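One chain, chain A, links the two complexes that follow: it is found with chain B in the first and with chain C in the second.
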Partner chain A sequence: MAKIEKRLPFWQRESFTPFVLLFPAILTLVLVVLLPLLFSLYTSFTGYRLIRPDSLYNFVGFRNYERIFTDWDFWVAFGRTVLFLTIALNLEFLFGLGIALLINRITWGQRTLRTIMMFPMMFSPILVGYQFKFIFNDNIGVLNNALQSLGLSDGAIPWLVDKHLAMGSIIVAEVWMSTSIFAILLLAGLFAMPRDPLEAAKVDGCNPWQVFRHITLPFLMPFAFIAMTIRSLDVARAYDIVDVMTGGGPAGRTELLWTLIARVGYDNSRMGQANAMAYVSILLSIAFTYYFFRKLIAARRYMGGAN
Partner chain B sequence: MSSALKKRIGKAVTWALTFLLMLIICMPGLWVVLTGFRPNREVLAKPAVWIPEELSLNNFAQIFGFGAEQVAIPVPAYFTNSLIIALTSTAIAILIGMSGGYAFARFRFRFKDGIFLGLMLSRTVPGIALSLPVFMIWSRIGLIDTKPGLIIVYVALNIPFTIWLIDGFFRQIPKEMSEAAQVDGCTRWQAFWKIEFPLARSGIASAAIFAFLTSWNEYALASQLTRSTDSKTLPVGLMDFTAQFTIDWAGMSAMAVIIIVPALILTFIVQKHLISGLTFGGVKG
Partner chain C sequence: MTKAGLKLLAAATALPLLMAGAVNAEDIDYGNFDGYTLRVKLIGGAQYEPLYAEIEKWEEMTGAKVDVLSRKNHFELDREIKQDIAAGTLDWCVGSNHPSFAPQYGTIYIDLNGVIPKETLSEFQELALANSTVDGRLVQLPRHSDISNLYYKKSLYADQGNKDRFKEKHGYDLAPPETWEQFKDQAIFFANAPEFFGTQYVGKDEAITGRFYELLIAEGGQLFDENWNPTFNSEAGVRAVQWFKDLYDAKAVPAGVLNYLWDDTGLGFASGTVALNLDWAGWASFFNDPANSKVAGDIGLVRAPVGSGGKRSGWSGSHTFSITETCDNKEAAASFVSFLTSHERQMIEARKGLLPTRGKVWEEAIAEFDGAGNDFMVTVFETYSQSMSEDAFTPPLIPQWIEVSNEVWPRLQAAILGEMSPQEALDEAAESAREIMEDAGYL
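On to the complex of A and B.
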């Protein structure tokens, strides 16, 4: 067999087959993601402006990076993005865990509940943004209308215009959209959970909290980290929500890294600088994903390796 | 308190919480759907009209250009664009993803983990960050504001996740089955189409639906790479409404319904496979 392999040209050998199969995928990603990103890296060292095409060859070294790192607006947006992600992901995990435990207790109609739970996952972020823009609208929004009809407030609360409330409203939209992925994966974890350790712990006199803390939760963590990993792949979807709901306003109070990139790149047409920012945002995303992926591997090992 | 009573209270609390939860999940969407059927003056009324007095298909007729009042937003064109772009990019992504997923599920090769990690990392690039260089290149080679331009991008966007899901589905099929077929005289190619593909078909279908939804819902890239009715998709078109002097909430809601409905139907079909695909691929990786 090995001899026959030797005589074939290399592209027909068995060991080469996987590369043939993967070639279209790799080619597409190189052309659409890798090469553009290399071009983007080059651009981030130029003073490229959309309105002056020849400025693409105007090499400025690290000036774009120096400028954004000394730019207060950039750091505010960066900090806000990290804070936003921390709050949103933690809330999503906590709510998701609560929902999974709740649905797990229900025996009747569980499948239907699970189906309903998946709906927000499939909503386009742009629709989630629109839906909450409509709900939080100060004048005709259903939330203010309800508060007024119930007599809880007499004025119109400017949910999306007030500088303190706007970010909270966006977090509500984000959490609404993404909690279900945690709930569904944690529920899948609860279904897969072996009964024996639970029974044994009860026999040994553990109270429900101890059982949860030391048996259920460690078992669920890999599932939580799968959810976190999947989520960290698409955290930038928040751009859509912010763009619809506030467009980064009021007065830049809801500006996230991603909306800032769009503003600098397309609205101010300063492509070079926008690309430098884009690189920071890419590194941020990769860091998030890598962190949770490592956690996932570690949690899997802790479980004794599901391989 | 007797334990029977305690149990009943516990059950009641569980049901009350579940009811509240379902309300929070369903109400926002239902409210938008309801608004899609109401006239604008009722939506804007002060004090609020809670019980709809008038429900009609007028908003839908209008955004599709049948109504008495014409709406300046070419929704039918956006709808066609969305459909063409999402279907084409899904079909291509599934073909590429099947071949890639099969490679990961059935072969051992050098750099396997590295390639897999590379594929996944390509997915972490935020849409808006990717849009900058793609915008610059596409406008140089004339792909800006064209359907193929967006289709290529969506194929690339869908490949990593498609490979991940399909890899998981192929791995659930025992290797021995296709090996047995090959012993019986099938080529590997025949064994794939006769044994493995039929078994993984429903999983592949759910990967396809997932890819379709990603393309159908995408906004960040589409909003920068499209300009006109030649290629604008529904999510980008939805933002057209906000550019008007007064937001047409009823029309916008009707358009939202058009975007939601296909997504919900597909979700309903795919839900079971999606959950098993995600957990399998992740935990047993």
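On to the complex of A and C.
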């Protein structure tokens, strides 16, 4: 047997089989993920300008990073992105939980409702952006017209301009589009929930709030953290909706990391600097992912699940 | 003979002439490129489309096919072209261009001198060709020009009550504004938010930088001095910013104006809820069409106002076509851009109100409008003709213009919203502009 193995070329040997099988996947990852990442990391140390391909070899060391650390606009956008992420995720979780609990109670037409609930996810973010841009338009928008017709407001509320309302309007659009992700994952959690602890709690005389607080919610938390991990990555790179609704303005009031990075990289052609910004921004995504995974493990441990 | 009778006569005599012109123009030989597919990237939008409907004719005449790879607005097209430069995928031949964008692209486009015959070029307006030239190279062929003048709702100015109240308040007669100060007075006077607004302006991107820039010039200021030091944070600059801010504070413009771009201002005026609208001629026929516009038949037009520096605002540019260096059939590409900017094609755009870049098309378009009794379009063309020849100026034709603009407009917005004073906003923008100019080696 050993003799036969010696005669075989190395890639046909049994010990090498896992690598051969994994090779296409590894190659794809290297080409599609690793190489572009390394390339963009390299460009973040150059003065690479999109319209001057030869500037790719103009090595500037840490100059781009030094600029970022003294760039107040960048850090404001960074902070705003964290705030945006926190508010949007919490709202999506609360609404998603409410919807999931309500749908779980329905005994007739549940499938239809579940399908309808998924509708907002089917739209492209650009369309959602245009839809809410129209709703929140101060002059011809549906919302202001409705408020005026109902006598609730006699002026044109500048939804997309006001310091607080502009960010709030974008959060509404984001929450509208993505709450169903939370709802569907939490609903899956509810479906998978064993009935025994619930019945035992009822027998022991727990009221509905106690059942929810001590049994249902802890059981759902791992599902919630999975949804939050996915959504935090999504929201941290929010671009389309913001770009369509406000373009990061006015006066940078709704500027998030990726609207800023896109402007620097494409409009200003400073791709080297934009990539440096992107690398600093990735730290944000890594931090949130790490945080949610720790929470996920803690929640599973609490429920007696595997580590 | 009555005026109507004269016009009828003029129309009757002009028609055969025009038809003869049409036949002659179509005699141009655009060459034979049988079986060739020309790949192009064009600017898209409702006002640009009528010209593209003509592409079929060029295909019939030459035997070539046109593959339109992109049809986007200029900002999106600009991003796409930059990506093509970076990726080395300039595998197309003809692209829409604009003097504001052209200097960024370096030498990706060919010099059209020598490619387009001299006699053809001589039919274009000199200023339009000069603005299309970068570093001595004619990198684009102008399709139509762009400058803004002031549309107003005529009935507001005819109303005796308005006249009396305005005179009482401001001490001078109510007439379409001649100066930017009067423009402001009248916009505030007519406003009754949120039902009716005095005016509106484009509030973001290069659009508001351009408006600020033309007002800065009209106020006697300059963007840069002769050594490329930013100088727009001058007194003239502060006055210009204050104009936008005063209108915003007085609620003479819609509250959401800082999110507005060209479509929003045009459609706003057509909705009949705005008194004055500084805009390009491309909207003219739309504004006067009862199917689209509530102000049709009630529109007046005057030249853009004069600033306190004694100069009229006249931010101008052109929409153009360029041919790439990497094009595999430059002859076909040259034939195509010649066709799209020919006399006939410019007439098609002129009928919609787009400003031609060929001198003769101006004359013929005015004669045609006159012949058809379309007094409004005659006024439009005469007004824009005067402003194109006397008031037009471009932004600095340097690659850094868009980048400088991106530093200026968020600060303009901040000043308008009261987050910082106009002086602070301009000082900050000038500092950032200086950094850009230093990086680019100008300083």
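To be clear about the criterion, the second predicted complex is superposed on the first by the 270 of 307 C-alpha atoms of A that agree within 3 Å, B and C clash if a C-alpha of one lies under 4 Å from a C-alpha of the other, contacts with A are read in each partner's own complex, and residues count from 1 in each chain.
Heads up, the rule we're going with is that a residue touches a chain if its C-beta (ideal position, glycine included) is under 8 Å from a C-beta of that chain, and two chains touch if they have at least 3 such contacts.
Predicted, not measured: the structure shown is a model, and the values here were computed from it.
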| item | value |
| --- | --- |
| Side-by-side fit of chain B and chain C on chain A, or clash | clash |
| Chain B versus chain C as contact partner of A:271, first or second or both or neither | both |
| Which superposed partner A:158 touches (first chain B, second chain C, both, neither) | second |
| Which superposed partner A:203 touches (first chain B, second chain C, both, neither) | neither |
| First, second, both or neither for A:150, with chain B first and chain C second | neither |
| Of chain B and chain C, the chain that contacts the larger number of chain A residues | B |
| First (chain B), second (chain C), both or neither touched by A:222 | first |
| Touching partner for A:33 - first (chain B), second (chain C), both, neither | first |
| Touching partner for A:252 - first (chain B), second (chain C), both, neither | second |
| Partner chain in contact with A:117 - chain B first, chain C second, else both or neither | first |
| Steric overlap of chain C with chain B in the superposed model, located at which of 81-89, 153-161 or 225-233 | 81-89 |
| Doubly contacted residues of chain A, that is, touched by chain B and again by chain C | 140, 148, 266, 271 |
| Contacting residues of chain A [partner chain B, same complex] | 15, 17-19, 21-22, 24-26, 28-29, 31-34, 36-37, 39-40, 43, 48, 99, 102-103, 105-106, 113-127, 130-132, 134-135, 140, 142, 145-146, 148-149, 176, 180, 184-185, 188-189, 192, 222-223, 226, 229-230, 232-233, 235-237, 239-240, 243-244, 258, 261-262, 265-266, 271, 274-275, 278-279, 281-282, 285-286, 288-289, 296, 300, 306-307 |
| Residues on chain B engaged by chain A in the complex (per definition of touch) | 14-15, 17-18, 21-22, 24-26, 28-29, 31-32, 35, 43-44, 46-48, 50, 95-97, 99-100, 102-104, 107, 109, 112, 115, 118-130, 132-137, 152-153, 155-156, 159-161, 163, 213, 216-220, 223-224, 235, 238-239, 242, 249, 252-253, 256, 259-260, 263-264, 266-268, 271, 274-276, 278-279, 282-285 |
| Sites on chain A touched by chain C in the complex | 50-53, 137-140, 144, 148, 155-161, 246-247, 249-252, 263, 266-271 |
| Interfacial residue positions of chain C with respect to chain A in the complex | 75, 78-79, 82-83, 85-86, 88, 104-106, 193-194, 203-205, 254-256, 258-259, 268, 271, 273, 399, 402-403, 406, 410-411, 413-414, 416-417, 419 |
